[in-house]
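Consider the two complexes below, in which chain A is the common component and chain B and chain C are the respective partners.
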Partner chain A sequence: MNAVAARTTGAFGAALTEARRAWRWPATLATAAFVVALFAPLVLSRIQTQELAAWLYLALAAIGLAFAVGLAGMPSLCEGAFMAVGAFTAAQLRSKAGADPVSATIAGAALATAAGALLGIAFVRLGRVLFAVATWLVAWLVALSLAAFPELSGGARGLPIRAGAFTETIHYELALVLVALAALVFFAIARGAPGLALAALRVRPPAARVLGVPATRLRLGAFVASAGIGGLAGALAVQLAGIADPAGYGPFLSFKLFAAVLLGGAATALGPLAGLAAISALFHIAHWIGNLENVSTTRFEPMIAAALLLFVLGIGGGGIVPWLRRFVPARTATIEASPAPPPRRFAGATFAAAGIRKSFGGLAALVDLSLTAEPGTIVALIGPNGSGKTTALRIFSGTLVSDGGRLTLDGAPLIADTTTERVRSGVARTLQRTAVFDELTALENVLVGAGLERGYGGAIRSALATPKERAETERLRGEALDILDLVGLRAAASTPAAHLSSSDQRLTMLAAALATRPRVLLLDEPAAGGSAEDVARLARLLDALRGDGLTIVLVEHNLRLVSAVAERVVVLDGGRTIADGPPAEVAREPTVRDAYLGTHRL
Partner chain B sequence: MSLALQIVITGLAAGGVYGVVAIGYTLIYRLTGVVQLALGEFIALAVFGTLLVAAGTGPVTQTSVGAARFVLALAVGLAICIAAGVLTYALAIKPYLDRGSTIGWVAVTVAIAFAIRAAVSAVFERPSYVFPDPFPFRDIGRGGVVTIAGASIQVRAFFVIALAVALAALANWTLERTRVGRGLQAIAADSEGAQVVGIPVDRLVAGAFGLAGALAAVLAIAAAPSAPFDVDTATLLGVKGLVAAVIVGFGSPWLAFAAGVALGLVESTIASASISGAQLGPSYREVLPIAVALAVVALRSRREERLEFE
Partner chain C sequence: MRRLSLLAMSCCCLVFASACGGSSSGSTKTLVIAVNAPFSKTPYIGTTIANGAKLAIDELQGSGTLPIGDKSYRFRIRRYDTGGSPAAAVRNVRRAFSDGAVAIVDEGTGVDASWSIAADDDVPIGIVYQGGIDLVDPQERPNVFRIVPTDHGIAYRLAEYLLPKRLKIAILHDDSGYGEEGAKALAAAFSGADDAVTTRITLPSGATDLAPQLLAARRSGANAVIVWAQAPVIAKALIAARSAGWDVPFYTPPAGADPIVRQELADHPEWIDGLTFASGRMTAEEGTAPYYTFEGKYRQAFGLERVGVKTRTGNVVIQPPEHAMYAYDFVNVLAAAIQAAGDPTDRAKVLAQMEEVTVRGANGDERAFNEKNHEGVVDDDVYFARFHDMTFAPVEDDPLSSTLPTVSQIEPD
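Presenting the complex of A and B:
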């Protein structure tokens, strides 16, 4: 018991220390603003308190939307529809079934969450364009349903809700706490492991997927969160207003929230608040001018929101909060030099492909490809452009399904069909073109690969920063640094990947693939575009990895590298294997010389 | 029988308009990968631009506009619509396409949609407007309504159907048979390749953005006098054209047109259909097709995943 207490105290102390180190003056400012805001009802009139509370509920929905738009990069245009689901569920339960405020709110949020899960399962696999179209149609579907079914929405007059136990002040304090909580959770997730994986997914989905980032699951989680928070906000907002008015829940609400998130800075916790504040401030200014001139300005609100968004996007802005952030001193990443890292052992596995076939339309891309790679060896797959090399790697890594044939790892069949599962079973691959995550540092790039291994990295654990999660983060960070050391990039650990040379970017990709702890490493032209020195460095690295016992399959055009490192070479031409053997033997084959038209020499 | 005929003609007339709007979405999507979410509002620009020149913002009777003035008004309305389309592409969409920012152009198109809505409803303050009719349809039959096999049908409906087919054929003919059309097809197949062989990609795509709206607007204006018109009418045309285009996966202009016509027929059927005695009624007319389109997208999403990858 004492030991547990001591451990808890220790973990708590460590958390405090880290929080103190991470603390910046904007955090002080935000905390102070929150505390001051808590006491605002003391000096505000009831009407003012009510208006502020309504605004905060809208802000809550905007933060919810930021989970989908900002964290997962999904252009969701139906946040207003989720608010409507929460709002009208709560309103129906309150006015028709006589439910109490708490259970009506919970039911509204729950139904919106369920709607989000249903729509998410249907749509998160879509590309961004069709996702935007689908969510836009959902916004219309809900708005038109409210208009078409007055028994549901109360028609033009709306659904009145009789006053409950919640006063304006209670609503206000509740809204404030919920907004702060949502922003904190957003912040913790964005900074933690899921945030890293989501950032990778946002920037380069294909590169994230070959590192085993579970794209569908993460996107679904973000979308469901946005739905649930939106529903909660809607359910509370109608009870505050005392009426659920269908006119307020049209597609414009969805657009306004979307605009607020983009205006403020999509990937930041306080961005939605800043964006919504900017929109509301302009509305108020317009009303004030309108009152002077005796014109109603309500109908100009869409134009104001649209113009503001067009302006901010037009000047190329990432939003208000990222702009303000330039005035905050950047976090100086301290990467302490560790003592000589232990030699890293990679446990290789025998990778075998037998009779792999694939055709696209009528075109045979691969005909009966068979290949075996033993631990501690490098097998090279070469051939002219279009000979099927990359197709083979895609089939090996699970991003493409073959028409026939068998893949085995240490004799066990590889049948897992998602890329994530393939990576988890120990087959990792790098992409042909350079595909680092530009916004992340070299270390963070590697950590994306390491994320798969996490046992404690879920969104909830990240948000709560549990001791186990923190310990694991420390350990994975150490390992990622060791891997960077192995590829010779430790000094660049805190450099944003965009600033690395292209050959260092390729090494970063390779390091990220190594962080998934592969047993078989599939490399797609790692030497492309590199100088002689880069190629020599790569050859030394591959040699070291082989020495560690890793199984490597190398697709490469640089035949100098191939003959320097590979034990065995398989030559493809037009999808057929035309030669297979040690490099020196293969080089003597006349068919191989023909295939290369004498332009390359082995 | 009489009811069925009425349903079919009404449905075809409405569906023809949806179909031509759907052609606009399809054309733009295939050229650029952009779904122009403000297409309905571009139609509103043309319709209300025409109305402004023809009759101002006051109350209109169907007979009060002369032919010459109407032609001028139509020219102005379409010019506004085309200019808006071209400018939207050049200034607001292309920058995000070049950057590969889907969220950027999605935001811009929706923003432009709401800006146009606000602008139009600021100038045209009444809840709805009667659109002037340049053709003397009201002189045929009883006030423009004829009775065929017991069904009362607006004569204008036949005109709208014929014009819709003509416009769809014109769009298709332009794509298949003209130099510009072949250029557009080349861009749709391979935009970079088209650029390399000297096709003025930007100019053609900008033109397509303008014409996609104008094409649909011509038909919307032809159909407008048959019922009171407001900015929501145009927005809903945009939504329904989108539904039609989505259902056939932005496949081809003719497919999109066919889907639009089918949507019109389905809507008019739903409006007067009953399932096991319970009247479905007009409430479901707006809602069911969108739900179906969403289901179609969901079913197609598995295939999409592999396409998005690499």
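Presenting the complex of A and C:
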């Protein structure tokens, strides 16, 4: 018992120390604002408290939407529909079944979460445009359903709800706490492992996938969270309003929330609040001017929201909060020296491909490709453009399914059929083109690759920053720095990837792939566009990795690099293997010279 | 530092002064009467209701104040726009309380939820436009009163008037609260006459063209149409029928007399000829004098309400202030209740007095409520009027209507 208490105290102490270290004046400002806001009902009138609470519930829904839009990069246009599901579930339960406010709220949020899960399963694999269209249709569908089933929605008269135990002050305090909690959770998740993985997915989905980021699961989680928070906001807001009015949950609500999130800055915790505040202020100004002229401006609200959305998109989609951040002097991130980790060893595995075939329509891309790569060796795949090299790598990494043949790892068949599972099995790949995650630093890029190793990096643990999660993060951070050291980029650890040179970006990609703890590393033209010095640096790195026991399959056009590092070369032409052997032997093959080398020398 | 303290003290004084201001100045206290109506969606109805309420308080206090007990008060009308939304209407009622409203003159939207909020503070709500059957219930909703014909009354009078004609009737209603309540009332009124009703169709309020719905009504074999809908929808229904050459008689609730119907049909004045609407009678049994007096006062205060169309001979058509009458009457009942209570701040007493006092209405009828009846208009006190040449006149083939005079709707020279 004493040991548990001591561990808990220690964990709290460590958490406090960490929080103190990370504390900055914006956090002081936010805390002060929260405390002042808590006491606002003391000076506000009942109606002001009520209206502010209604606004906070809307802000809660906006933060919920930011989980989908900001974290996962999914342009969800149906947050209003989730609010409607929560609202009408709660309203029905309160007015027809006599449920208490808490049960009605929980039921509303739960049904919206379930609806989000169902829709998410159907939609999260869609591309952004189709996703936006699909969710926009959902917004319309819910609005039309409310109109079509007056027995559910109360029709044009709405569903009145008798006042419950929650006064407007309770609603206000509850809304304020929920908004603060949602913003904190957003902030914690965005900074944690799920946030890194989602940021990677948002920026470059294919690159994230080859690092084993579970795209579908993470996106589904973000979408379901947005639905649940929207439903919770709707269920509470409708009880505050005292009536569920179907006209209030039309597609414009979703559009307004979407515009608010983008306007404020989708990827920031306070962005949705800032965006919604800006839109609400504009609506108020419009109403005020309208009142002076005796004109109702309600009908202009969608136009104002649309104009703001266009404005934000026109200036690059950043939003208010990211723009304001430019005026806050950034604290130089210091990468502290971590205790020297034990020398990293890559436990390579024997990777074998036998009789791999792939056709695209009538075109044979690969015909009976077979190769074997042993631990501590580098096998190069070369050939002219279109010869099937990248197709082979895509099949090896699980992004493409072969028509026939067999892949084995240490003799065991590789049956994993998704990229994530393949990476989990120990087969990692870098992409042909430079594909770093621009928004993240070099260190964070590497940490994306380390995501699969996490045992305590889920959304809840990240949101709560549990001791195990923090300890794991610290360990992985140390290992990531070690990998950056290995590729020669430790000094650039805190540099945004977008600011790195293209050759450093390629090394960052390689480091991220190494962070997945691969047993087999598939490299797709890592030297492309590099100077002679870059190629030499890469050769030294590959040599070191081989020395560590890693199995490497290298697709490369730079024959100087191939001849310098590869033990074996497989030459492809038109999908067929035309030569296979040590570089010197292959170079002598006349077929190889005719098909690929020409006057070049291997 | 001293300057800073002075500045802070000045700010505090300013805040204190502004907080203390607003509702009272000297010994006169201002009492706010809120008008909660769809000013932006159907401006005619909203403005007419607000004008009726304002006319009543202007008459009561003149340019001065109204002595109640040993204090003097000044009434003030404050407008709140519902935009036709129940949620906005409920929000408005809360705002009105915050503004110190002593009563709500309400078009009817959102009362299902707002009555309980008002009941907590014993604030009376007077419905002066919507006639929904269950909006008023003295037992359940003791603070809700109504001075306007009920949907129940209008629907039964329509059935009573139309069924003997042996018409085949298509019943159309829109999807607004007004339309849905009307449909319920019509269903009850025509429940024993299924063979007279060929079809019941819901008209989408937002549709720009109602031709499909009118075609369906025509195909049902109807030779008459009842449209219970908001005024713009009635206009669209008429346009859809007439432009397709379907020249059957149209019957509507009071919304048919809304100027917007005639404005929409200004290019085809002949299409509105024959449109018959049911409404509360404007003139009382004792004669036309009280109504004309009210009309004169209304026009003096707010000018002529021009419809925006002309007759075939070029005369400018004006609108009688029918809905203003009901708001005017409700405010008078309220003022009488406040006087009887002797203290407007004792809201429970004022509410109790609402069931005790009796006033003479704008058309000469008595307006009063009691603990069992919060309806200020007798249920069958409904007449029918038919349009011809952009003006309407009571019909001749209904016993009550045929006794009523035609109210002039031509702008005097």
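The rule is short, and it goes like this: the second predicted complex is superposed on the first by the 591 of 602 C-alpha atoms of A that agree within 3 Å, B and C clash if a C-alpha of one lies under 4 Å from a C-alpha of the other, contacts with A are read in each partner's own complex, and residues count from 1 in each chain.
As a convention for this text, a residue touches a chain if its C-beta (ideal position, glycine included) is under 8 Å from a C-beta of that chain, and two chains touch if they have at least 3 such contacts.
Source: prediction; values computed, not measured.
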Touched partner set for A:373, first chain B, second chain C, both or neither: neither
Chain B versus chain C as contact partner of A:144, first or second or both or neither: first
First (chain B), second (chain C), both or neither touched by A:209: first
Residues of chain A touched, compared between chain B and chain C (which is higher): B
Touched partner set for A:162, first chain B, second chain C, both or neither: second
Partner chain in contact with A:248 - chain B first, chain C second, else both or neither: second
First (chain B), second (chain C), both or neither touched by A:427: neither
Residues of chain A that lie at the interface with chain B and also at the interface with chain C: 147, 299
Touching residues on chain B, where the partner in the complex is chain A: 33-35, 37, 92, 96, 102-104, 106-108, 110-112, 114-115, 117-119, 121-122, 239, 242-243, 246, 282-284, 286-287, 290-291, 293-295, 297-298, 301-302, 304-310
Sites on chain A touched by chain B in the complex: 69, 73, 75, 77, 122-123, 125-130, 132-134, 136-138, 140-141, 144-145, 147-149, 205-206, 209, 252, 255, 258-259, 262, 266, 299-303, 305-307, 309-310, 313-314, 394, 399-400
Residue ranges of chain A in contact with chain C within the complex: 45-48, 50-51, 147, 150, 155-158, 160-163, 241-243, 245, 247-248, 296, 298-299
Parts of chain C lying in touch with chain A, wherever the complex brings them together: 39-40, 81, 83-88, 90-91, 94-95, 97-98, 109-110, 112-114, 116-117, 120, 132, 175-181
